[in-house]
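Down below are the structures I want you to see.
Both complexes below contain chain A, partnered by chain B and then by chain C.
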Partner chain A sequence: MMYSYIKPRKKSLFTPEMQLLSIFFGITIFMLLGTYLFLLFKDYRFTQDRSEIIELREATSMEIDLIQKSIISIEEEKVLSETVFTKNTVLKDSIANMFDLVPQRITLSEAKLLENGLVLYGVTPNKDIYNFMLQAPLRSIFHRTYSSFYPAENGWLHFVSTNYVDKEEEIIMKPIDEETQEDDAKEEIEDEE
Partner chain B sequence: MKNNISRQNVYLLALSVFLLIFVLIFAFAFLIPEGKEYRNKGADLRKENKELKKYENFRDNILEKLGELKSENRNIIAAFDRDFDAVRFEKMHREYFNSLSVQEKVQLENENKFSVYEVNTTSQINSPKSFYNFLDAINKSDWIISVNFPIHFKREEEMIRSSFTMTVYGIAKDTNTSIGDLNTSE
Partner chain C sequence: MFTKLYERLYVKVLVSIITGYKKTTVYIEILNKSGILNSYEEEFDTKYVSIEMYEYIMSYTKETPYFYISILDSSPSQGAIGTCSKHKVGYFEDLSASEYKCYKDRWTYYTAKTDVYAIEKVYEKIGVDFIFSPFVLLANFFKDKIDTHLAMFILIQEGSLALSVFNKSELLYANYLDMEIEIASDELLIDDNDIAQIEKEMQESIDLDDIASLDDLDEIDDNFGDIADLDSIDELDDFDEAKDIEEELAENEDMQDYSTRNTESINEDYKRFSLIQSAVNIFYKDEKFESEFIENVYIGDGVGVSGDLKKYLEEEMFLNVYVRHVDLASELCAITKMDLA
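Then we have the complex of A and B:
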């Protein structure tokens, strides 16, 4: 017995609605998973890049330290060399000044240049020439000047001139009593001369 | 009230709801936190990159400065690195003296990173000008040398005998390195 004149259509689970739904959610899930995997990969790369950058930064920092040490070292060398060169030039000028200071009528036989003084040995025709032509300029340069004479065979006088510059600190540190005593001693020496 | 929704549609609706819930859970539980982490890590990376650039720029600047310093002070650097050679010193400066004798090289206490040697010198000159020329030349010599007080000049007939000490500066290398005394005389 037939109830219908048409053939019964085959029933399937994948109806057009179901297919549409599957495609829609399929694409959605695929995109979500794709995005998630992309983010995971990028995170991994970021972590790797960051550690590489930190390593590179530490290496650069060490390089900077070395360069700075080299710069400091060269600057120290430069300062020291300039100090030495200046010292030599000053020394040259000091020696030149010393020889210029000695008048032609006085003959030097020996000179000792000390750090804070000058000792001169020589002969002078007489005391006046020594006092006016050598001792006067020496007095203007040095703080303490002592002279002693003894006769030479030809009637001239041998002299020993000892001159000292007092360091400023020493002057400040010296008690007043000592200074007074020194002045007294200086006067005594000058009187003797 | 009669329910017109077919069984098929109920399945469809249930599946849709299930998938929608899955998408939402996945998005909120995994995707969004991962996205936030991605953003933070990206910002960190940019920050680190910026920092690295700063370091690199600074490094480049000081490297340039070091290069300039090196080229400006080439002679000074070489002079500090060179060991003092008394024979060579005599050869170089003999022209300023009638006789020159460099007697010994004694190591003094290091000054900071510099090794310091003292050299005793005696010489004969015929005029003070020779000594001035020597002092000028010593500033251009192969070593960093300073002439020290006391300097002793003594007249010997037509010549002036001078004796003085010189300090030679170098870069302190190995403090245990033994320094052989040099004894040369003319």
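Then we have the complex of A and C:
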């Protein structure tokens, strides 16, 4: 039955006051939800970043380990090279000193640098020259010196001088030993010339 | 489904507004699922929505979203036509600019669309849910009589009358009579001298109560040549039988209560009588309407008319008049409930 000229307005629970309340609560809930989602996202990103940073830290620490290892190795190499360089310098000086010891009248035909000693082969005009001019300085350097002579064709004397240093000096002489073979070869070439 | 649930949770507030000349009656009924909780009525000295009236209505309607505001249409351009056929309606009235509805597929009631818009505009602040025609209210109020009687039914409001003639629920004639318009025309204003003259005329006219015997009839016959229509005792008996005894008894009880409230001036009642008389003349004379002889008049009195109106109608128009007091606001509320159901 409908007797009215007009239709009644639609009745709703959403009165203006209710609409205002709904909007207020809606916005509040939306903001809370938004904040919650934002925090959730930030937490997720933080966790992700943290795991990335942990991985990066691990990789970096591994790299640091490698670098430290290589630093140690380089330092060792450096120490070794310095040692070698020092030894070579000492050797060079020793060789230079050795040649300085040999007087002009004596001719060396061969020199052997041993671990703890020096063996010289050469020709001397006579024993006296050898004894005074070569053996005397050798004795001041080495602890033990042995000499042997045999005559050469031209009347001069071939000599073999074997000189040893006692164990205290062995450490100093060690690096020199490594170069002994090469030096012998060089001496032989020079003598031949 | 949820709407039904919410409706059960909240109370319903029905606001009925009846507008008069200068005052507006607001009737509020608060309902819950078990029935009426409370009802309140207040009168405001305004024809429109005053601040007091707005606050009064809002104080009840703000409690629930389910409130309905009903207004009884009091616009002058309304009426009713005794047919629902769209083809026949045009014969009686041009309804192109009117809002109209059919009542139980029997008759049509209408009002001007502009008046509906005007009502909606006036009550814009509080809103309007229902606008009812006074003819609907009349039909519902007298439905026990309309269905079984041939009679004129009149609803008296402050400043207007809704007049209709029904023959066993078939509407023969209807007219909405606005007293304000008549006042503006200034034709019906009468002074004390006029009232005295009218009373004198009435004393000289036929009083059916005095016709108790054949002797009286003869006496009347001597004075009035045109009384030949009532030329036999049998017809007189028929005329008496047409009286609604039950309604008369009810009316007597009602009138006893009502006599104290009878504050309307004779001037207003005479205006009403004149309007009814002219409407009845139109009904009888206009060929558009199927004329039937009206013997009984049922008046739904919404304002508290004096006994003078009844006297005028009985003595001047030889009608059996039955006056029933009607509380327009609560009747409007009842129609609202019917519409909501």
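For the reader, a short list of remarks on this structure follows.
Note that in this section the second predicted complex is superposed on the first by the 101 of 193 C-alpha atoms of A that agree within 3 Å, B and C clash if a C-alpha of one lies under 4 Å from a C-alpha of the other, contacts with A are read in each partner's own complex, and residues count from 1 in each chain.
FYI, a contact is a pair of C-beta atoms (placed from the backbone, for glycine too) under 8 Å apart; a residue touches a chain by one contact, two chains touch by 3 or more.
The shown structure was predicted, so the numbers you read here are calculated from the model rather than taken from an experiment.
In the superposition on chain A, A:152 contacts neither chain B nor chain C.
Look at A:141: by the touch rule set out above, it reaches neither chain B nor chain C. In the overlay built on the shared chain, the residue A:4 is in contact with chain C alone; chain B does not reach it.
Contacts of A:27 after superposition: neither chain B nor chain C is touched. After overlaying the two complexes on the shared chain, residue contacts for A:70 are found with chain B alone; chain C is out of touch.
In the superposition on chain A, A:15 makes contact with both chain B and chain C. Judged by the touch definition given at the top, the superposed model places A:79 against neither chain B nor chain C.
Within chain A, the residues touched by chain B in the first complex and by chain C in the second are 15, 18.
Remark: chain C residues 3, 6, 65-68, 70, 73, 99, 101, 103, 111, 116, 120, 127-133, 136, 335, 338-341 touch chain A in the complex. Within the complex formed with chain B, the residues of chain A that make contact are 15, 17-18, 21, 25, 28-29, 32, 35-36, 39-40, 42-43, 46-47, 49-50, 53-54, 56-57, 60-61, 63-64, 67-68, 70-71, 73-78, 80-81, 84-85, 87-89, 91-92, 95-96, 99, 108-115. The touching residues of chain A, when paired with chain C in their complex, are 1-6, 8-9, 11-15, 18.
Against chain A, the residues of chain B that register as touching in their complex are 8, 12, 15-16, 19, 22-23, 26-27, 30-31, 34-35, 37-38, 41-42, 44-45, 48-49, 51-52, 55-56, 58-59, 62-63, 65-66, 69-70, 73, 76-77, 79-80, 112-114, 128, 131-132, 135-136, 138-139, 144-147, 149-155, 169, 171.
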